[in-house]
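Two complexes follow with chain A in common, the first pairing it with chain B and the second with chain C.
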Partner chain A sequence: MVSLPWQAGLAMLADTSAPAHLELGGVALIDGGVLFCVLVALGQAWRMVGVLGGRPSLGHAAFFGVGACGTSLLLARAGVSPWIGLWLAAGVAALVGAGVGLVTARLRAPAFALCTLIVAELLRNAASFGPGPGLAGGAEGLSLRTAPPLELFWLVAVPAERAVPGAALALAVGAIALTRAVAQGRLGLGLAALADDVEAARAVGISPARYHGAALALSAAVAGLAGGLHALHTGSATPGTAFGLATVSLPAALACLLGGGTSAGPAGPILGALILAPLHTALTAPRTLLQLGLLSPGAPALALLERHGGSLVPVLDGLLLVAVVLFLPQGLASLPGRLRRRQEPTAAPAA
Partner chain B sequence: MSAFVESVLRGLLAGGPYALVGVGFALTYGVTGVVQLAHGELVTLGAFTAALLLSLLHLDPLLSALAAAPSLFVVGALVHRLALRRLPRARPELALLATGGLALVVAGLTALARDLGAPAPGRSPTSLELLGTGIPRPLAVGFAAALLIAGAVHLFLRRTDLGRAVRATAQDAEAAQLLGVDVQLTATVAVGLAAALAGTAGALLAGTHVVTPASGMGFTARALAVLLLARPGSVPGGVVAGLAVGLLEGVASGLAPETAAGEVAVLALVLSLLLLRPARVAAEA
Partner chain C sequence: MALLELRRVSVFSGRRALCSDVSFTVERGTLVGLTGPSGSGHDVVLDAISGLRPPDRGEVLFQGVRLGTLSPPERCRLGLVRVFARGPRPGDQARGNVLDHAAAGALARTADARVARELAADPLRVVGLLARAAHPVAILSPVEQRRLALARALAARPELVLVEEPLRGLEPEGCAAVSELLQDLRRTGLTLLVAASDPRAALRLAERVVVLSGGEKVCEGTPQQVAEDRTVAAATLGEGA
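This part shows the complex of A and B:
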């Protein structure tokens, strides 16, 4: 993929005197950058449950959606600044995660995955058509367009346009650090033990409820923050997309699996997001390709993408997911190793 | 007839097609060991295929529902040949992710087809009410057709050689193979049949329910409910389970009309069943 946007993006953030928008690609590139950070954070959160915990989740949209719709609800109905609402909503998401973790602690991977899927669908339906005139704004969702500036230490007011991408980057970095800490700490060891042999782990005193509950709570908090920030950036939170399997849950899993598969490396979700974010941005905002000079204005491909790109995103994600499970369960990161092994002369056969 | 009773009846009648969806789902799970999350999308696909046939050939809606079945059979067979049989049986959770991805692909392609001009499944124009009860005729016809088809499937599984091969493969594929059953071919036929059942159910439901490319997961949830409720391998059990799911949906939406109560009730049922009998979805390889 083109390296220019990321270098330029980093330069933009570092240079505080530059205008909030890049001359080059403008808003679309920032969208891509924020999407990248959100995917990294989501992927890391998913990794905590799906890789470290050994049980893939199909319902991370539940936590993402709570973050997104919670933040927008707090702003629209209670006037709470989204910079505070973000944390509150993430807290609620953590509670939901803890609840799901506790209730499903004894389940094995397939049943767990299905339960997470159902929980996300339940929340999606409840939020779309909740009691009264739509708890979360009904099917159209709530608008966050009037996002106030972020006030740092009551001194500096960073305009939202600059603060949100910065916050997204901070979230991504934080998610990487947190997941790494979990993996290397006691929680990660306990999860690994549970993934290996539940009965033996319980015999040693590792409680599935405690460990899975904690992992899911942390994972949900990160996913909730990601959802809230994403809603802040796009300006609205629609329950249909915030809680969606196709829009959030599976891309989260894909970001992690595409990069590193089921092995535990922290770089997995980063690699996966690095591939997914540009692809998604190209399909949903084909203008970016125009501005990067990859397509000429009259190209038929541009018109095609503008009309149908949105519908193609889930098709792409789905195909990638199927391909990863069938051919690359260890993710793209395992490719170099596999190619190397192919080229080495075969070892002597075992006796 | 009060609105509540009407809602309950509508739910019950929708349970007929739900039973078909569930029986197919259970069949797929039985022969492949995979929980086919894309099954609901096949229901949607069937509805769209029937709508296409309807607009091209101007058939009676019921006939176009049946006419859609062969193409869905082919789709199911292809899905099995290309994807399902290669999924890792030792890692069912990964297989779930893959079928989830498959659901995305089918839903996305259906949406694309609709954007490119394929006719959307519309409510059947023959909304003649049945005996003045407010029950639309297509719903009752769909119910009756579904029961007949379920009966035919039951007879197929019990009385024909191929049906027996399917049951044997579902019970113990290794033993069946040792006894001379071509397990792969049998499984392909079974999955194709399951897809045909799903597609026909979708076409039958389209007369009275709104079916969009996003409807798939709802159907998959109902199919899951049937799988978890019914005794494995039993078509009559599947029919009863399907009717029960429809009944639950009807009661819930009757109690809280204009909300998603029916959907929520079904999802809550699936969640409870998953927590109560998780072993039903954990086929030992």
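This part shows the complex of A and C:
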């Protein structure tokens, strides 16, 4: 049921007869599907740092924002094709990540979380108010719909409205594969040792700067690509949103923690995104519920959601995060095991 | 030339000396004990040697090279590794299996995770944990955790291993097993500097013992010489007397 959006998205991608944007219901489903893919990629990026490195980040919006604003800036101001601009912006995000990783290499988890939060906030302010008037569109950001060279939206003759969801899906799959490779490879061995005991790891030759720096650079590149694709799909990049704590950093952490907690495997962020993407889509675009037949047109709930849904998202995310940290430290993936364990004493009373 | 040489090493915390003018040498292929009542500064001396907290005054020479302010990972590349008293944390925090934990020590020698895991197999065999290679670290007993920590250090193929409190908190059988392992390692040609606040542990393990008290060296010699030394008795029993 919840996997419907991206399945529909795939079907729309394959269907070349009707322009997708004419079918409003399909568009809403594709929006949900892209959001799901972006959340999976963000969650995997977060897992690389927060789970493998053992230090939760509260600032993945910094990298997401660099990707989103970088891609749109290159497109709108320099006419660079987003299919090249994406990679350039992700490269810049990776450099920012490597820099943050090197500077924060010796910090423990709480200080690291604060530092990443501050970096994202600094970048948010710099992007909103920093560059000369109009360069980055100020606090309003840039609209990618008005970007002049429309033919640059084409990639091997796939129109952008299909290519972007396809790329988002590819990114999600790529992020899963990359994080898996990192976890099993050299980086994963070193990060696990550092997460376990920094001093003991350093004493056998593992340099925190190198390992945390590399992990953050890779993670930032993935988050940057996610940001760029999200901006391309929504058609705008606003610094306040793309660099936002409540809009990006929290969902990134939540996608991973909700699914798999502090020891999330590759499935963690997928499970988290499966819950977050429909939830966010339902709240920010309640018309989707209408199109899915879950709400009738005149329902009072619809009017309520349309008026307050968007502002409920950060509140719900925050509450979910608190609930997960307090009650489900190992995420939803641990729920079946916990329930089974709770039932065991009744099944075998005098074992 | 001694493998390790400390020349008048002093470490300060503010104006207070945590250890002052400590000098001793460790010859290649020996097992040297470093002891003294807790708070006497042997952990500080280990920090100074391993680079966690380089000395404020004096010098540490390893294979004749001044270590200066080299970081612990840089010292590891020269062949100097340290094993901490604390094992992997119990419960959920300890992650991964035994093989991966040991393989982290081999990362300094190879860029390939698969090679690192292969390099870790031999140290695991030496410490007697090869059969548990696939087990999670969290289920190891305290003795096995000491063995694993040593295996990780060996995977870095060190010249000198600094071992902190190897017997602390172990049952008598565990003490015997770990002592025997340390002796075995010395017999393979490894050099070890073992710090223990319990003087009996140091005297039993080492062929030469350095005794610290109040951050200063009070005695150095064979276990027998140290056991007969009156200043040592005063220093180690002095806390209560």
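The definition used in the following text is that the second predicted complex is superposed on the first by the 306 of 351 C-alpha atoms of A that agree within 3 Å, B and C clash if a C-alpha of one lies under 4 Å from a C-alpha of the other, contacts with A are read in each partner's own complex, and residues count from 1 in each chain.
Heads up, the rule we're going with is that a residue touches a chain if its C-beta (ideal position, glycine included) is under 8 Å from a C-beta of that chain, and two chains touch if they have at least 3 such contacts.
What you see is a predicted model; the values in this text were computed from it and never measured.
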Partner chain in contact with A:325 - chain B first, chain C second, else both or neither: first
First (chain B), second (chain C), both or neither touched by A:317: first
Touching partner for A:195 - first (chain B), second (chain C), both, neither: second
First, second, both or neither for A:186, with chain B first and chain C second: second
Partner, of chain C and chain B, that touches more residues belonging to chain A: B
Which of chain B and chain C A:263 touches, first, second, both or neither: second
Partner chain in contact with A:203 - chain B first, chain C second, else both or neither: second
First, second, both or neither for A:84, with chain B first and chain C second: neither
Intersection of the chain A residues that touch chain B with those that touch chain C: 262, 329
Complex contact set, residues of chain B against chain A: 35, 37, 83, 86-88, 91-98, 100-109, 111-112, 115-116, 217, 221, 224, 259-260, 263-264, 267-268, 270-271, 274-275, 278, 281-282
Interface residues, chain A side, partner chain B - complex: 55-56, 58, 103-104, 107-115, 117-119, 121-122, 125-126, 128-129, 131, 245-246, 250, 253-254, 257, 262, 307-308, 311-315, 317-322, 325-326, 329
Complex contact set, residues of chain A against chain C: 184-186, 188-190, 192-193, 195-197, 199-207, 262-263, 329-330
Footprint of chain A on chain C - complex, ascending: 50, 52, 71-73, 76-77, 81-84, 86, 88-89, 92-96, 100-101, 103-105, 107-108, 111-113, 116, 149, 152-153, 155-156, 162
